[in-house]
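In what follows, subunit A forms one complex with subunit B and a second complex with subunit C.
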Partner chain A sequence: MSVGTRKEHDSAHLHVTGAARYVDDIPCPANTLHLAFGLSSEAHAGITALDLEAVRAAPGVVAVLTAADMPFANNASPAPEPEPVLAEGVVHYVGQPIFLVAATSHLAARKAARLAKVDYEPRPAILTVEQALAAKSHFEGGPVIWGRGDVAAGFAQAVHRVEGSFDIGGQEHFYLEGQAALALPEDQGMVIRCSSQHPTEVQHKVADALGCAMHDVRVEMRRMGGGFGGKESQGNPLAIACAVAARATGRPCKMRYDRDDDMMITGKRHDFRVRYRIGADAEGRIVAAEFTHLVRCGWSPDLSLPVCDRAMLHADSAYDLPNIRIESHRLRTNSQSATAFRGFGGPQGMIATEVALDHLAHAMGRDPLELRQRNFYAERPGAACPRTPGDISGIWKAGETHYGQPVEDFILGGITEKLAQSADFAARRAKVAAWNDANATLKRGLSLTPVKFGISFTLTQLNQAGALVHVYSDGSIQLNHGGTEMGQGLHRKVCQVAASIFGVRDEEVRITATATDKVPNTSATAASSGADLNGMAVKAACETIKARLAAFMAESTGCAPGEVRFEAGEVRAGETALPFATVARQAHAARISLSSTGFYATPRISWDRIKGQGRPFFYFAYGAAVTEVVIDTLTGENRILRTDILHDAGKSLNPAIDIGQIEGGYIQGAGWLTTEELVWDAAGRLRTHAPSTYKIPACSDRPRIFNVALWDEPNREETIYRSKAVGEPPFMLAISAFLALEDACRACGPDWPALRAPATPEAVLDAVRRARGAA
Partner chain B sequence: MKPFDYQRARDLETAAEAAQAGGRIIAGGTNLLDLMKLQVMTPERLVDITRIPGLDRIESDGPGLRIGALVRNSDLSADMRIRTGYPVLARALLAGASGQIRNKATTGGNLLQRTRCPYFYDPAMACNKREPGAGCAAIGGVSRMLAILGTSEACRAAHPSDMAVALRALEAEVETRRADGATRRLGLDALYRLPGERPDLETTLEPGEIITAVLLPAPLPGATQSYRKIRDRASYAFALVSVAAVVRMEDARIATASLAFGGIGARPWKDPEVDAMLSGQSPSAELFVRAADRLLAQAETDEGNDFKREMTRRALIAVMREATGLAPASTGTDKAEVPA
Partner chain C sequence: MKITLDVNGVEKTLDLDARVTLLDALRDHMGLTGTKKGCDHGQCGACTVLVDGRRINACLSLAVMHDGDQVTTVEGLGTPEEMNTLQREFVSCDGYQCGYCTPGQIMSATGMMAEAAEGAPSHVSESLTAPADLDDAEIAERMSGNLCRCSAYPFIREAISRAHAAQTREGRE
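What follows is the complex of A and B.
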């Protein structure tokens, strides 16, 4: 069976030979126009005059459009509150698109876009958390507060208490392929080819912009060169711009952001300031925890509200906290509209709790790992296999999260124990201490942190998927599903599902580009749910066809349909064994339908986001990582020396791809927490808008010793072949790298170093000084 | 926001035609535009009635007053005839919203504003008022702002208006123009429906029927009027509980009492039996407790809003003590002055 085997990415050869086609590689018709936006230079201002004469007169310019030229909706928002594609008289951040240039080349469009004369009337800009709080600049009118228990009573019992404030930087997605879209006008309607995690939303927004129905717009999406959440909503303006310009000129229109423009225009991961207060009893049981999330959301809501919700949902990290209160301020600021990014707020919610826990351990003079283990959720004894009805004994009681979801599948106790063993944690702890005693300049740090990540979209209705499967009369299989391929290997996994059901080789199955006319009304490929949702939908479609073929074979051979087996490229019924292709041909001749749709909706979930209560997640994915680092206390420079990971992908659909996701997630997370720093100046300009100033980790930044293993136990919930989602959870394994750096800083002196993220050399140096007693 | 057409009505006739054809009437827009931004309401066409002449006046109507449907909340609360003869109305208006919103909000629009139930406002949650038959996510949800009287299995929403509570206590009527041009008058009890199985149907107005005025009866000479609103912060918040009272004393007895309640009812709440119980009696704490028991006899609460029973009881007692002279009058309790 194909499922469970190690297979490379289905486009691996195309990727490495450069043959894989991305939007910008699609051969365009000869008269295609190229688009560029003219951008705001001000963080907040009224536009008093917009002189576009020089833009129109520039060589190659065919059309220039402003908000007034948008024929219907001027709205790219994924949220109910509108977000103009082109500014409507007021600009809200540096980099906001004001007008659109269509020219005969990409360069001509970009050059012309710089020739506009814009008169601004500056308005006060809200750039920082402090400014936003002072101006009461909140989305939703004020903070959202969730929690459980009685925090005041909890603190009253606490023997140990710490409090602090922790700054967490944002993160640029840095997908290798930038945002891109191409619109091809048709007799009626529009075809869009784009780089998007959410083709259905592109279809919807383009239809609104053209004043037509969704059936007039077809969106096709073959692959993205990385998405990471940055192509969930941020591609909408390009597709809309292309469609509107194509309608206005009657010519195909293509738009791709130059990297600088991409970084200036598009939203990033939310930066957070978290104020925390946490208290424990004498044994180290946490009795109260309080978090205030101060989040710079940027100028429009985009996906900020669910992102902030997810941060709140992960404030428990992996710990059963009886009394907890989380206050979440979603601040409207004059900056890019922060958006989805791998983890969707979860990483920020989780790391703040992990930092608070280390702070507490520091104050108590205890080992952080021991404190973590002491506060874990309860683990069901001996529960290594899927749950069967009736085996929930009265003795064991699942812990419950602060939002009321029982944690029935907790396995971090086992994972942590096994990882501590395989990574030789205790002995290395002693070695690190010995090294630090012996060395004044270079200090080492070591940390083990857990991950518990909730799987499902918190907006319940998004947890559905569709598929369309065809078996052709030559036995080849073509399928389509609502998920999008962004390098994560989704198509390979889904292909393995189909191949396993029909008992054929993966090569017999072809997955075609995601297209809104094949599978409609899809959700974004996000929330790690691509394989969970689409794998199940494809399974449903394949099983429908398989049942028809089994009935057909049963009839011709006289055995029961249940006895027909599909394996090794054959269909076997009693004594008869026919190649799959032969059965397909015979079934077609017998006028049996060889095509079917499939549909899946995640069971068991419900969520009241107003109350902050329910079961938003179908299950949790788990993992743990040990990271060892070294810092130079004179320069703040730092290196990750070794990383050991044990991660739970359930019964892995494809261990090769899952391990790739874990390695990539960890490195991307480590980048977020170490080298990747976004800097805005006092005028609200992003000064790190290219790889020259914004440093993502390179190959040489990976740990030289990098051991990744899978916790190979089936998901206790009935997911696709009992696998678990693997897109986002490993990102948070990198928290161990940050806390290892903090551990190294702690080796420099007696005080709490209060390291901020990202732990750039400057941040490390500041933390070392604080550890040594500097105020 | 969904794209929509905008039409400015010249007169009531064209407005009625457009409304009958499915247009949604907009006046101040202080509630409707918020709902459109959130896509809770997605009208295809807005019919702006603010340019229709003659609807923005406060005029004498025999011994009473006729308040045009387009009179702004701020103008109404500042009008001397209202301040002296109907202080409970001025107090209620000023207790609602903010100065900027009251400058835009109209009398008719205030009556027809929609509930602030958070589940109605969130299109991702089930709501029978937004989408008949979808279910009610508010049941078992956050109920602090929900009603405890007049609710149904389909809907727990409270009517949010302060103004309408005062109008019920004053026994005001609305004047409407039906689509065929005929005029009718109806009390607020006849205007508002209870949710029952169809919480999406909030009033008895017919398609194309437009509120043209609110009619106030003659002020009661010597009556004490009071509006007390209890809320989570001092301004710019909807009522958890509010009480409007118009009480006339004679010989140390309550000659007539008219009470209305906000924040607790599916519509601006009035219970004639409570008024009848109080009228003709000597004021006493024991009498007020019985009146509160009567008011709350049918109340249905859950964990999140059970406090409203006690809060309503105390608010009723406090207001009645001041209105009957058992306690000194505080801000919010006024003697109505009737022009000679």
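What follows is the complex of A and C.
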């Protein structure tokens, strides 16, 4: 069976020979126009005059459009509140599109866009958390508060208490392929080819912009050169602009952001300031925890509300906290609209809790790992390593999160124990201490952190998927599903599902571009849900066809349909064994339908986001990582020396792809927490708008020793072949790298270092000074 | 300006504005879209090609500077049906995820292995004069100009290492 085996990416041979086409590689019709936006230079201002004469007169310019020229909706928003594609009299951040230029070449459009004369009337800009709080600049009217238990009573019981404030930087997606879209007018409709994680939303937004129904817009998406959440909503403006310009000019239109424009215009991961207060009893059992999330969401809601929700949902990290309160401020600021990024708020929610826990361990003079294990959720007896904290009755009871979901599948006790052994944690802890005693300049740090990540979209309606499967009369299989391929290997996994059901080789199955006319009303490929949802939808479609073929074979051979087996490229019934292709041909001749749709809706979930109660997640994905680092206390330079990971992918659909996701997720997460620093100046301009000033991990930034293994245990929920989602969870394994750096800073002095993220050399030096007693 | 380039063994004559980069000449004027545009200012390495056997960022070089030069792009190494050793190793090691940086990685690795074979040292080489052994640390350092946002670096390094070993074996035989 193909499922569970190591198979290469479905486009492997095309990737390595340059034959894999991305949007910008598609040959365009000869009369195609190229688009560019004219951008705001102000963070917040009214536009008093917009003189576009020079733009219109520039060589090659065919059309110039402003908000007033948008024929129907001027709205790119994925949220209920509208978000104008082109500014409507007011600009809200530096880099906001004001007008659109269509010209005969990419360069001509970009040059012309710079010739506009815009008169601004500056308004007060809200750039920082402090400014936003002072101005009460909130989305949703004010903070959202969730929790459980009695925090005040909890703190009254506490023997040990710490509090602090922790700054977490944002993150630029830096998908290697920038945003791109192409619109081709067709009959009365429009065909869009774009680099998007959410073709259905592009279809919807383009239809609104053209004043037509969704059936007049077809969106096709073959592959993205990376997405990471940055192509969930941030591609909408390009597709809308192309469609509107194509309608206005009657010509195909293409838009590709230049890299600097891309970084200036598009949203990034949310930066957070988290204020925390946490208390424990004498044994180290956490009895109260309080978090205030202060989130710069940027100028429009975009996906900020569900991102902030997910941060709150992960404030428990992996711990059973009886008394917890989380207050989340979603702050409207004059900056790019912060958006989805791998983990979707989960990483920020979790790292704040992990930092608070290390702070508590520091104050108590205890080992952070021991404190973590003491506070884990209860593990089902008979599991690899049962732990039932706080329960001496002998009767196992699942722990419950602060939002009321029972944690029935907790396995971190076992994972942590096994990883601590394989990584030789205790011995290395002692070695690190010995090293730090012997060395004054270079200090080492070591940390083990867990990951528990909720799987499912928190907006319950998104947890559905469709598929379309055809078996052709030659036995070849073509299939489509609503998911999009961005490098995560989704198409290969889904191919493996189909090949396994029909008992044929993977080569017999072909997945074509994701298209809104083949599978309608899809959800974004996001929330790590791609294989879970689409794999099940494809399975349903394949099972339908398989049942028809089995009935057909049963009839001709006289055996029961249930006895017909599909394996090794054959269909076997009793003594008869025919090649799959022969059966397909015969079934076609017998007038049996060889095509089917499939549908899946995730069971068991329900969620009331106003109350913050329910079961938003079908299950949890788990993992743990040990990272060892070294810092130079004179320069703040730092290196990851060794990383050991044990990660839960359930019964892996494809171990090669899953290991790649885990390694890549960890490195990308380590980038977020170490070198990737976004800097805005006092005028609200992003000063790190190119890879020359924004440092993502390079080839040499992989940990020198990197041991990655899968925790081999089937998902306890009935997912596709009992696998688990693997896109986002490994990202948060990198929290161990950050806490190892903090651990190294702690070796420099008695005080809590309060390291901020990202832990750039400057941040490490500041933390070392604080550890040594500087205020 | 009129120029002639030898691209993947085929002579091409082009009439280009002097400001057209080699990258745009390849992609927009010759339809060779295997070479990718990542950042367009020499920081990401997605546009790496070989010019007379040396790796360069095609986005930082003007096409007219290469009149008469031999340019090799990823399309010149092999085809999906007939891949070269390095391409095969990238497939067998999963040396990519989204694939967008892959042509640049492969061209850069091709140039890099030739540099190492000629004895060029890197920042991490023990000696400036003795030939460097292309171990994992050397490969990582020499490939540091090619970014992969999916961070498939472990498998990229493995693929290059295996291709290098295979080439060394072939060289001996």
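Throughout what follows, the second predicted complex is superposed on the first by the 763 of 775 C-alpha atoms of A that agree within 3 Å, B and C clash if a C-alpha of one lies under 4 Å from a C-alpha of the other, contacts with A are read in each partner's own complex, and residues count from 1 in each chain.
The rule is short, and it goes like this: a contact is a pair of C-beta atoms (placed from the backbone, for glycine too) under 8 Å apart; a residue touches a chain by one contact, two chains touch by 3 or more.
Worth saying up front: this structure is predicted, and the values here are computed from it rather than measured.
In the overlay built on the shared chain, the residue A:F228 is in contact with subunit C alone; subunit B does not reach it. Between subunit B and subunit C, it is C that contacts the larger number of residues in subunit A.
Looking at the shared chain after the overlay, A:K443 reaches neither subunit B nor subunit C. In the superposition on chain A, A:R429 makes contact with neither subunit B nor subunit C. Residue contacts after overlaying the shared chain place A:Q461 against subunit B, while subunit C stays out of touching range. In the superposed pair of complexes, A:I610 makes contact with subunit B only, with no contact to subunit C. When both complexes are overlaid on chain A, the residue A:P80 reaches subunit B alone and has no touch with subunit C. If you check the complex, the residues on subunit A that touch subunit C are 8-9, 11-22, 24-25, 27, 173-178, 223-228, 258-259, 486-489, 656-657, 660-661, 663-668, 671, 690-692, 696-702, 706. Within the complex formed with subunit A, the subunit C residues making contact are 27, 31-41, 43-44, 46, 73-75, 77-80, 83, 87, 90-92, 94-103, 106, 137, 139-141, 143-157.
Subunit B contributes residues 1-3, 37-39, 118-119, 122-125, 137, 140-142 to its touches with subunit A in the complex.
Only residues 72-73, 75, 80-82, 208, 211, 459-461, 608-611 of subunit A touch subunit B when the two sit together in their complex.
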